[in-house]
């Protein structure tokens, strides 16, 4: 089996994490997984949504979008169609849930952080790149909150990162790009903490079920890839 | 650890599958997982959606809803609010995807089956009950298509069933009810084929990550529970 | 003239009223007029809508829906289309208005009751079955409010019930089922109190106008049928 | 009992019907019932809606709206809020249904007439004024169709007109204006053909039920009032 | 060059401004520019929108609509389609912005005036007629506020009026009607104060750019026409 | 008078035009006017919208959006709110109209080009930057069409570019940034062709009217600035 990109089965695409990509947001990151490019911003607000008021905890939520021509064929603009599609909703719920697992919401105080992940160029794996980049933006936003005196210490419990794995032409592979993703038999998105814990697993058999041993192989690939992503996140935050 | 219901950790709630629950749909099933009750109908249409026309294959899609007072507190009616919520969208995509993995879409011909899962009483696990009941309704709909001469042989590749598993008070348990679900540390929904293959895994750490060994325990519980569900599906279809 | 069902012109379909059909709502009734089956729940909330605040009175409102495959051909789901259709709006306004006439809103205090009527199987007369069943659910909800100490005495002024009448093949008939309804020349829905008063009359000539004497015959049939419905409501509440 | 306007109980408000009020529509009428003023237009289109194609019959539908400041307090604009309210939907369905009863839809051929009733000033009875004025606009539109050769003979079966009646301070009165309407115990809208047949009756007890004898008195008032309206329609069409 | 209407290039259509056209609004004007007829109402509310609270200033906003059959071919009703079109939004923003320039918002106090411009018959120039008529309605509303004691002195800084100019068959013309507008090479809407200042200029080349000298000619025509409109406004207000 | 940025009154911000910014669109440009950054893509489709079919001409349309945190304070995402705001609609109509003036639509054949302008960072002048960048993307898209054989020769009639001018602290200035824009007395957006013709002028007095001589000064500044922008466009296309 030859991957379309020529990568080995356990090889990530080149990953780049650029902080302070735009100037207004408390955290702003351009994350690139190969040709997949996502702008991730983290915006801080004092206060929490209505359903949490007075409970002494904070909130993190996420929204996701794709520029209409981030893809090979132009997609209709969701704002113009008047609603977000099902895939968008599913992805932004995943991003928000994952990032909440990175933070001690009590320690965040009654403050909110809104994550926006906007795909400017898509080549597979937009949701895993989004989570990986958003966690870096989140750290920058937390540091901005500390600098402003909104909180005293960081509520961050762990860094999280995410990658996709799948069965492509019968073989488990790491970090699928679009040509692989669109013909993969199985597609799995995994989110792990840098303490090794599993935050989220979403595995889908596109046509044929996968076996437990295939699952185990994919999980192993994901662990390897995410360990590298955690290193890249740390390097970006150190720079 | 004592489960609120007094069940053992690997014990399903009483499950009932009632076919021909309503009279109009080609397949109509009331599925009960304890106090969770869902009406699952399968509706047959000649033809396929626009994006599949002329490709010689069929389509299966699903919609999900909850009656406003299926829950302890009345929820706003989605039709009145003018949009389906994110959770609804996420669940109906899962149901549709899972059921498509049960069927050879080519063998379905250019026909569509729409699954409707409407929760009339909720007590945790509505999506897994929906999938389990909908697969029985799907079989009835396929048989109706054969009876009408729309297709000659059944395109069913496997029965699928689904159950939730989770970590409740530190221990893996099978088939969470609402009191368990609302305080579980981890919640995982698993869809398996009766040939043992994995169709879908969706596991979420609500606050703390889970470990690979916890994952393995949960998967083992799910396999046991789903094997029982497959027996109950077969018994229902045989009656 | 022979009715499709073989009933006599002044004969109701078999009517069943099942209380406590689901477990969460303060009032929950399954009402069946023959093959028409509607789940009617009454949900209690402290407080009133904005436009009534501080006026020392309560409110009763109603919402109506049909499961997509409650009918012979699947209807689009209103939540998915993003709006309630005109027929839905018309029916839920009728149900709410009728039930408000059953209750002394001042005596209800600043509390609200929301009625949900969800048709799970349709065979004509869904709005009249809804009103008849909802009034029983309303009584259960009122009793729950008394039990909780929200109000001291019942604000119920009268029981209301409803039936359809029409001109079918030239002759006035009681309680039209779908085959009759779809070819009736005239269709009238009547809501009466058990004190004999008229709460609502909605009569529509589908193609040809009807005469005053036809109207009188239909009203007489409705009075007979509704008297029986009031007996059935009382029996259900007594059990 | 003294009516706020000083009218006798069986007295209509001054009614004016002005044809060709605007220049583009095939039929355009300004109808005034006292201070209630409605622009009724009838627009002709070749062709019918999708659900009627190929059935050799025409269609008549209606839409209703109120200018935001047609009322004492400004109402939100429905176009800006993004949906028509329940009252609007209920009224436009009544108008459409009533006018379809005036026409032999087969004789209309596969053509459509859209009625628009836009209230520019409201003082009670906007729906009955709308129906009365729209029927005149409909006749003008039919004549325009004959003139254009779209149909050979008029499909009009009867003129229809409408008025409200109610119980005001315990007494049945004809043609309620806003001060009466807002405090009436019962409100009934009646649509009659000029052949004496009943097209539509919608009677609602606002708080207390009404009796059969009250109903009979109201119907008698409506018949007297509508007979006068039919004369005014004929006079307008003759001028 | 001959204008379709036979007017000279610098000639307005007959303009009529009728005050107190409807009875409920604080200001209500029917404005006619030839066959273009618009009802302009100004509605007064104590209080300001959320974003202005506590800033000691008032607000003026505008909404615009067309009756469905105000035009040669019936347009879909925006309320029924569930959204306002782009042209509507663009026009109502222009009207609101222009009228705010007529008033000292500080001197208005924390009060709001809502302008509604509803076109009942369209023949080109509906936005310019709207602005011209709305300014008169605004003055009447301000006078009503003074009479009610909401404000002590008039916050009006200047009267504003508006007209369209364009290049029709190569020549600059004033106040385009629909036949001219639909084939004009350039279309410009100009709003001027009666103190000679420019409030708004919106000029659009439909196909070919226009030159600075053409612009100067059009501006001169607009100044002439608007001077006449200011006279007509003053005459209307004096009557 | 000192501009906040220290620029002279007739000085543009640094402008950068980066072609092939993303990889999928036929034309893709990042345009920067100082800190204002907009991604402009041009997407080619065979065929035209319904209302133009069979007329032998093409179509160009535009959509505009801002990333939620492109601004100092996070704006709600239009896709999540379910509608585009009035400002968005106004801007995208301006962009589309302006670009259609750059192209001979007949020579485009029955093909469509959709322009998407998405602001990733905002600092005033987003609409003028959008038009300037989009015209370069349009040229790249036209060249791609020629390369694919969809058209033989370029339908481009002229390059267009746009800049804002305004009165800031009493003095006309070129290319307002956000600090200037938010306190300017007058704001004007001008679109010119490289043949000197005026495509669009939109000038708005925010509070006080502007005079003809102020208008002339602003137009002169705009001509100077746009001449420079046309040079920058040409340089970008030559590179």
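For clarity, chains are labelled A, B, C, D, E and F in written order, and residue numbers in each chain start from 1.
Heads up, the rule we're going with is that contacts are C-beta pairs under 8 Å (C-beta built on N, C-alpha and C of every residue); 3 or more make two chains touch, one makes a residue touch a chain.
Bear in mind the structure is a predicted one, so any value in this text is a computation, not a measurement.
Engineer: Work out which chains are contact partners of both subunit A and subunit C.
Structural biologist: Where subunit A and subunit C share a partner, that partner set is B.
Engineer: Just to confirm, which listed pair, B-C, A-B or C-D, duplicates the contacts seen in A-F for more than half of them?
Structural biologist: Going through B-C, A-B or C-D one by one, only B-C repeats the A-F interface.
Engineer: Between subunit B and subunit D, what is the separation of their C-alpha centroids in Å?
Structural biologist: 50
Engineer: For subunit D and subunit E, let me know how many angstrom lie between their CA-based centres, rounded off.
Structural biologist: Computed value for the inter-centroid distance: 33 Å.
Engineer: From the C-alpha centre of subunit E to that of subunit F, how far is it in Å?
Structural biologist: 27
Engineer: Going through subunit E residue by residue, note those that touch at least 2 other chains and give them in order.
Structural biologist: 82-83
Engineer: What part of subunit C is in contact with subunit B in the complex they form?
Structural biologist: 22-25, 28, 35, 37, 39, 41, 43, 45, 63, 65, 67-72, 74, 77-80, 82-84, 88, 114, 116, 118, 120-122
Engineer: Using the touch definition from the top, list the residues of subunit F that touch subunit E in their complex.
Structural biologist: It is residues 83, 86-87, 89-90, 92-93, 97, 101, 158, 188, 192-193, 195-212, 215, 219 of subunit F that touch subunit E.
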